Structures are given as C-alpha cells and as structure tokens.
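Each chain gets a letter, A, B, C, D, E and F, in the order it is written, and its residues are counted from 1.
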C-alpha cells in the first residue's frame, strides 16, 4: 500500500508535486445514484422537456471545471471533455460522469465532483416533493492513464 | 404533494421568487458516509494530527458558502454558521454538517453540499491507498424554519 | 443630470456607499438580440429539446448571481429571482431577463449581465455554424424601486 | 455547414472533446459599441484621467480569464495575452478586444466575453447619467489558428 | 482576554455563529506600506495616468468582495462601500482601505484583504523593475460598530 | 532597468504576452511575518492540534491557485505544487511559501499571494485576542527559471 501522497513526513497538508510528471491522456468515470420514490419519479415527466436532468447536466459540467476550487489539494487540470449521462430506473436516477484531460495528474476528483453536483442538483430540483431523497453509490467506476495505471471498479469494491 | 417549485408552467428552469418571503431563522443538517477498508482507516492515524478530516472540514465550510455557485437555481443566502463533525466507525467515516442562516429560503442545499464536499475531500486525501472508497447515505437529517415547516428524517426514509 | 456616482472628487473609482440606503423591493428587466441567419435558426430545432436556449438560460441565471464578480464597482445584492425568456423571430433570438431583489441598490447590472451571458452562450452553442452571429440591442427595458424612481425604455431611446 | 459541435446525437449538452487536438497558437478579436448621448460622452472627460475606460479595461481582462466559468461548455484555456482598446466616437465608445493563447481550442468566446464585460462596465459607470445607453455590434472581428482556419468578418456579415 | 472565537471546545475549526447578532453599521480601516527604491518610484510617473495605482485600486475593491472565498472562516457580508487611497512617500506607497457594511459581524478582514491585494498588485505592476519590493505594516487602523466596540490602533501597537 | 512590462506605450494596462515564451520549470518562494504579543502566542497551543496554522495552510494553498482572479494582470498558470511552512518565534509566526510550475511566466505572485493569505488567515483566527496583530516582511525570497533568471533576496534588499 502506497503512502498517503498528500502528506509529507511532518503530517501537514501539501499539494503533491506534479512538476516532474509527464502530461499524458487520462480519463475517469464516476457514478452516483439518486434514490427517490415512485411518486417523485412519476412527477418528473410532468416537467416539460425533462429539464431537471438538463439543469443537473450543466451544473455537473461546470462543477467539474471548478473541482480545484472545491477540493483543497487538487491541481487545476485542463479538462478536455466532460460527459454526463443519466439512466432513469424504478428506484431513482443513475448518474454517470466522464472526464478526459491531458495532464500530469488524473481526473478522478473531477469525475466524482461532477457526479456529486449532478446528484445534488437533482435533489435541489425535486426537494419540494420529497426531502427524503438520498444520494448513494458515489464512487469511481474507472480510470485510465497515469503512473498508477488503469483502474476498474469490481463488484466486490 | 406540492408542485416542483423551480418550474413555471412552461417547464423552463427559473429561480423561485423569494422576494415576498420573510427573513427568518433557518437551520439544516445533512449527513454522508465515506466507506473505507479497515486498512485505509488504520492508516489515518498515521497522519499526525488527524489532518485529512481537518482539510475536509475547511473544504466543507468553504463549499457551503459557494453552494449558489454550484447549484444553478440556489439563492445566495447569508450563512450565519457552518459546523462539520466527523465520527470514525469500523466501516468508515460519518460526516455531519449543520448550517444556520436568517434568510428567505432554507439552508438544505448548503448543508448537503458541505457534507458532499467533506466526503469528496476525504476521498481525495485517501485515494492513493484505495480508489474503491465509496460515498453513500448523503441525505438531509433535519431542517427547521420556513413556511414548509420542520423536517426530520425518519428511519423509513 | 446627476453626477457620475462611482467617482469622488479626486476622479478615482470607488463603490457608491449604500450603507444609508433602505432595503426595498427592486426589479429590473433587460433585453438582447442575437441576430443569426435563417440557415442557423432552421438548424436549432434539429437539436432535440431546444437545448441551446436551455443552456443559455442556466448560464444567464448563474451569471446574474455573479455580476458583482464581473463588474468591479457593483455591490453583492441578494437576488430573489431571475427569469430568462426567449422569443424566436425570423432574424434571430430575442432574450429577455428579469431580476428581483430586496436591496439598497438596483438590479440593472444583474439583468443586463444575465441578458449578455444568455446571448453569448447562444453564440457559443451555434458558432460552429456561423461565426458572423451578432449580439445587439443589449439594453435596459425597465426598472422599478429605489430613490431614482421607475424607468421604462421608450422607442426614442 | 458543420454539425453543432456541442451536441451529441441524443441532443444533450456536452463539452466538445479537445483531447486529440494539438495545442497551437490562436488569436481572436471581438468588438462592441456602447451608444451614448453627446451629453453623457461630454461628461466623461470630467472624470479625471478617463477612468471609466480604465475600470472597463481591467474588468474585461479579468472577465476573459473567467470565460469558462460563465459560458457552460467552454474549456479553460491558458490565456497568453488580453488587450482591450477603446475608440471614442461622436455616437459612443467602440470597444476592441484581442486574446491570444496556445491551446486546443480557440479564444473566440474569451474575446467576446471581454468585449461584453468592458461594455457592461462602461454602462455601469455612466448609468447614473443615462439609463438608455445601449450596447450593440457585439461580434467577432477575426480569428486565427485552429483546424477551422482563419476568419475575418466582412461588411456583409 | 476573550476566547479564540473560531474554535469550539474540541479544537476544530468552525464559523462563529452570527445568527443571533443584530445587523448594525460597521466600518473598518486598514493599512499597508509598499517599500520601493527611489528609482522604481521615480519610474511610476512615466506610466501615463498613474495607472499602477488604478489597477491596484480596482483589484482591492474586488478582493474586498471576495474575502469570504479567501479566508476560510469569514462570513459573506453585504459590503456597502469600499474606498482605497494611496499616498506616495519617499520610501514607497502607503495604502489605505475603508470598508463599510450593515452586518452581524465586522469588516476587519475585508479591509485587511483589500489593503493586502492593493499592495500585491502594486508589486505585480512593478516587479519587472525590482523584485526586492517589500510589503509591511499591514494592519488594522480602526474599526467601529459591533459588540466588541470601537478600536483604534495606537502608536504602541 | 527593464521597462514596466505591464504597460504599453500608451500607458494602459495590458497583460504581458507570453504566447512566445517556452514553458519551463519555475519556482518561487515568499515570506511573511505575523507579529503578535507573547500573550496571543501563548494562547495558540491552547487550540488543540495547532489548528490556526492548519486553517492558514489550506487557505494559502487555495489562494495560490486563485492568484489570477485576484491580481488583474496575472496569467493562469498550471501550479504543480504549493508548500506552506510556519516557524513559531518569540515575536510571532513566520510564514514560508513555495510554488512550482511548468509555465511561460513565473510563480512569484502565486507565492506572495499564498504567504499573504496565510498571514491574513492567522490574523482572522486570532483577532478576537488582539486586533493589533501586524503583518510585515511580505516579500519574495527566491525565484528560479524563466528568461529573467534566478533571484535570491539579499540582506540588503
């Protein structure tokens, strides 16, 4: 198991130095699930044009670009692409995010932040109907590129 | 069930008008759980001073203040207080957020955003050890104040 | 004609002092026109769900909230509502913005900034088709509230 | 005519993927006109040092750097230079912006955003004298670099 | 001596709760000194219109409004006015900032942040001439309003 | 002595053009001193875990990343690392910042901004005890890389 890379020997927070790292293509995919009652889900189509998801999609793309402002030790990476997809299921809405960049560090936090903000925006758009809506399964699905290599979430994670 | 308050009859996104609402004391509490292996949890104390949680705490306080930038239809509310607490359990770290304000709209999104960003920051600080860490149970615990009245999450939510 | 209120006698930029002003209800409406060819306009419906306008709407609401970051001498006002409407015409898209607040200063700049950013976003969404698209008629339509009284644009303006 | 590049086949907003694009030198120039009465224009020199334009210049440079925050699907590009020039004419103030970068996508939106914010700032600085001031002719003048090649606005645009 | 108000009994960072505090008029004045050689000072007037100070003035006004983003435990307060003044002396430039608000907490940090950013901007504008320029005497001059009462710096501070 | 690089011949503010500059490794170190009474210093350890410095450290890292938002003519540079160190002395707290990047322009302003915000945050955390705390000796210690070569502050600066 590798050392916690944000901490130096004295235990104080520092940004990992990426000045020696090569800029290479990296991608990350993340996921979140917004659990809501059948009643709230049924009310969604009553919003002409399915907008709650479109507002969430825009919010997520913008949040991915601001990850370095939110997560203190994240680097500003030049994001090349953000994709947000939704899947409506019986028990709620599944959020998928995808981020690509050419950078010296990975885009995992950007993908996770995008998925989280999409889910929070869906909550905001529907909370008038049900304050009990819950966000779960916010995790990394996959990453590619970088020295630590590729990662893909398994069922057992 | 009340109407989805962010949508007008034409189905397009709009901010709810709060200009007629009275500024009253409002509070909101939210929660998130960061599930991590015993191995990663055991490594946390090896970070002198328990810093990962302190970085997460600062990040969460700052994120609460920026909720209106992240969630498109949120109003800027004058936050009077943000509190972030953590409870370390066998299976991971439990995050509790509390936000108070005197405003014309509630602080639910601020509390949820704070909890989410605390959890994401913990992920960022520990992802070098385990990329499979998952955030779940991101939900509202309680709110007080405002026309819609008080809310407290029940076991059945 | 009143003095230029942002300047003191020495000619240096300063924020107008609003600490003696009473917080009262104020509204402002602004307008912009995005001129585009029939060819580009015809291609818009080919975007399922009329999305370019939805992206512009969200961008404009968010920009209204950030006006104080963009316009150096603007105050942060607690925006109570933002509305963005579009009207598709033969020669292009007409943007209407409406902002309401209870504040010590008006919301004119917020309404104008919202209309400008909506128009710029439409440009961004369609520039692949025509780089010659032009934004014009960006002006205030109406304001209410405040010591300077109500204003409504006339044909002769 | 090329496809609207921000939309995929399902009609949902996405950032264009620039991860395969080569970073090359790109420039963009934009323009706006702030129409104001002779009376307001005559009052400008009464502001020692021509400051309204200096405030607008600084605001525009800063706005160019924040374009990616304002326009949802814009990428963060590393801006190498921003120039803002003004020309005072009988009928108002002409704004010229110039942006240069080495990037995988062009700087058109940055130049247009800079010109728009310069014009809005001039409005803010002079609105105490005349609320009817109008911004028009906000358009791209020229761009160089990138796969889509050079562009220069013609009289007929 | 009062307790450190940002810390609760457990020693973790929290925002001071101002929800019980009354909104009253508060002002704060701060100061900084930018020491520079006679050679660099002499070169300043060669910049037509004394612009370095104007850029610093705008930067400081904008920074005052963003203090809550920079200083983690600061509240967002509705700033009513910011004034920045400069005095050119033999040994450098003296910066004075003034901030007024009607709020539940004071504007000391806003005034100090404005003075600091004005001084940093002057450094940025002149560093091509002398990298040894130093900022000193960054302190609060005065504050009025609030429960802790008025404060005025004395010679002995 | 070189020309003031932010000004063109007409004396108006412009960003220095870095599009012709090569991206090379650059570092900068800055320093600030927060003078406080023995009484206030003695109270610091009473804050379990030395948190005031940890809050200041996080604030400084985040501020370094936002330098381009604060200092009008600064470029956005891709920061590779930020380090903040503190040394507690009899008369106060010494702040050291270090910033590294691979960029076409140096990181001096980022290092200075980080040191300034660390010092301001320490002020914010302790001002309940003593409003007379002063920040001084805010200056560049060292820089490496770039066309203007290396710099190291000497005793005589």
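In the analysis below, a contact is a pair of C-beta atoms (placed from the backbone, for glycine too) under 8 Å apart; a residue touches a chain by one contact, two chains touch by 3 or more.
Just so it is clear, the model here is predicted, and its values are computed rather than measured.
Fewest steps needed to get from chain C to chain F, stepping only to touching chains, is 2.
Note that among the pairs B-C, A-C or B-F, B-C reproduces the A-D interface, with over half of its contact pairs the same by residue number. With chains reduced to the mean position of their C-alpha atoms, the one farthest from chain E is A.
Averaging C-alpha coordinates per chain and comparing to chain D, the farthest chain turns out to be B. Set against one another, B-F and E-F show the most C-beta pairs in contact at E-F. Chain D and chain E have Cα centroids separated by 31 Å. In terms of their C-alpha centroids, the spacing between chain A and chain B amounts to 16 Å. Residue positions of chain E touching 2 or more other chains, listed in rising order: 12-13, 49, 51, 54-55, 58-59, 62, 66, 69, 72-73, 76, 78.
Under the touch rule stated earlier, the contacting chain pairs are A-B, A-C, A-D, A-F, B-C, B-E, B-F, C-D, C-E, D-E, D-F, E-F.
Looking at the complex, you find that chain C touches chain A at residues 49-51, 54-55, 58-59, 62.
Residue ranges on chain D touching chain C, taken from their complex, read 1-7, 10-13, 39, 43, 46-49, 51-52, 54-55, 58-59, 62-63, 66, 69-74, 108-109, 112-113, 116-117, 119-121, 123-129, 131-140, 143, 151, 153, 157. Those residues of chain D lying in contact with chain F across their complex are 25, 54, 57-58, 61-62, 65-66, 76, 78-84, 100-102.
Residues of chain C touching chain E in their complex: 12-19, 21, 68-69, 72-73, 75-78, 104.
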